[in-house]
Amino acid sequence: MITAKLTGHIWATRKADLLNGYKLMQAEIIGGGTDTGKKIIVVDIISAGIGDRVVVTTGSSARRMLGNDDMPVDAVVVGIIDEDCDFE
Amino acid sequence: MITAKLTGHIWATRKADLLNGYKLMQAEIIGGGTDTGKKIIVVDIISAGIGDRVVVTTGSSARRMLGNDDMPVDAVVVGIIDEDCDFE
Amino acid sequence: MITAKLTGHIWATRKADLLNGYKLMQAEIIGGGTDTGKKIIVVDIISAGIGDRVVVTTGSSARRMLGNDDMPVDAVVVGIIDEDCDFE
Amino acid sequence: MITAKLTGHIWATRKADLLNGYKLMQAEIIGGGTDTGKKIIVVDIISAGIGDRVVVTTGSSARRMLGNDDMPVDAVVVGIIDEDCDFE
Amino acid sequence: MITAKLTGHIWATRKADLLNGYKLMQAEIIGGGTDTGKKIIVVDIISAGIGDRVVVTTGSSARRMLGNDDMPVDAVVVGIIDEDCDFE
């Protein structure tokens, strides 16, 4: 998994039917060493908000978070990092 | 997922039979932080055009977008980003 | 797989239900040549501790280590490297 | 997928039994933006030759091209790019 | 797949039960263009030795080489490159 900070929403009116109702957010990798600063798009279903630091799972494992193996999604928020958790 | 801009078509007369009828396009990553500028080839089935900013799903999840798990495809457009959506 | 050093815990009170009871740790790649210094988050179920050098499996294969294909996890510790094992 | 140029053959007399009869070729990424110049090994079953520009599918989707999910292969040529197709 | 040179053994007494009896080796990517110098850990079951140049398959396809889809392994040697095979 990777640690990232949610930096904004991505709005796409025309999209895969299965994505309707899902929130797409841009996430910037933090605490990733040499990967820090890379940005990806993630789906969030645990009510994370902009500015939150999150744990993101990628690849086929991301579909497990959604409980539907048909989802065309490869990155999902699986946890919101506690505010008092320090890492870099 | 990643955000990318469609930059052109890739024409391949000789290709996998399963790819017949599918549109292959070159996509350049935008808003990807340190990944910006990387280019990949994607399949589009939601009528995206050159210049459009899109959300791309990669890996096994890309096959879900096509509704056929036999497709030899690892990157598919899953959404067209709204014109008034700002991100960088 | 990759070789990494466990550098800390990641605490996330709000997370996927399936992750309850699992330990999330930050791991920094060592002995990875040009990948050295990259950091990821891993699940550990073999009692590794901070400072330990470990072998990490990523992707769908990580779920095999947990014996539950429903886990939204993409990186797991599969071995603790012996203290007298030299590599760089 | 990625665009690449086939640059040579890789000969391995001792190999997985399932790879017997398959052609392993070295491919250098072209038109990949910041990924250009990276080299990987691919399997070709559509008679591509050295110097050809091809589209390569990676990961689990590569096995779909071979029609055998048991193949220990993660990159396969899925198309030969037309000679008059311009991209960079 | 990637081309790599086996550079050493990785010893891990405490590890996944399924890995018992398997040889873990460090492999340094060669002939990988801009990826050259990256190091990963691979499983070898075709009697490759230190110094050998090998072809490595990664991801879910690596499990196919082991004939057991439960293995928590994401990189396996699938071929030993012939000594008289030139590539760079």
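As written, the chain order gives the labels A, B, C, D and E, with residue 1 at the start of each chain.
Keep this in mind: a contact is a pair of C-beta atoms (placed from the backbone, for glycine too) under 8 Å apart; a residue touches a chain by one contact, two chains touch by 3 or more.
The structure presented is a predicted model; accordingly, all values stated were derived computationally and were not measured.
Trainee: So which chains count as neighbours of both chain B and chain D?
Mentor: Looking at chain D and chain B together, no chain touches each of them.
Trainee: Between chain C and chain D, what's the gap in Å when you average each chain's C-alpha atoms?
Mentor: 31
Trainee: So which stretches of chain C touch two or more other chains?
Mentor: Within chain C, the residues that touch at least two other chains are 35, 59-60, 62.
Trainee: Could you walk the ring starting from chain A, turning first toward chain C, and list the chains encountered?
Mentor: A, C, E, D, B
Trainee: Which of the residues in chain C end up touching chain E in this complex?
Mentor: Answer in residue numbers: 1-3, 31-35, 46, 55, 57-62, 64-65, 76, 78-82, 84-85, 87.
Trainee: With touch defined as at the start, can you tell me which chain B residues reach chain D in the complex?
Mentor: Touching chain D from chain B are residues 7-16, 18-19, 24, 26, 28-29, 35, 37-42, 59-60, 62-63, 69-75.
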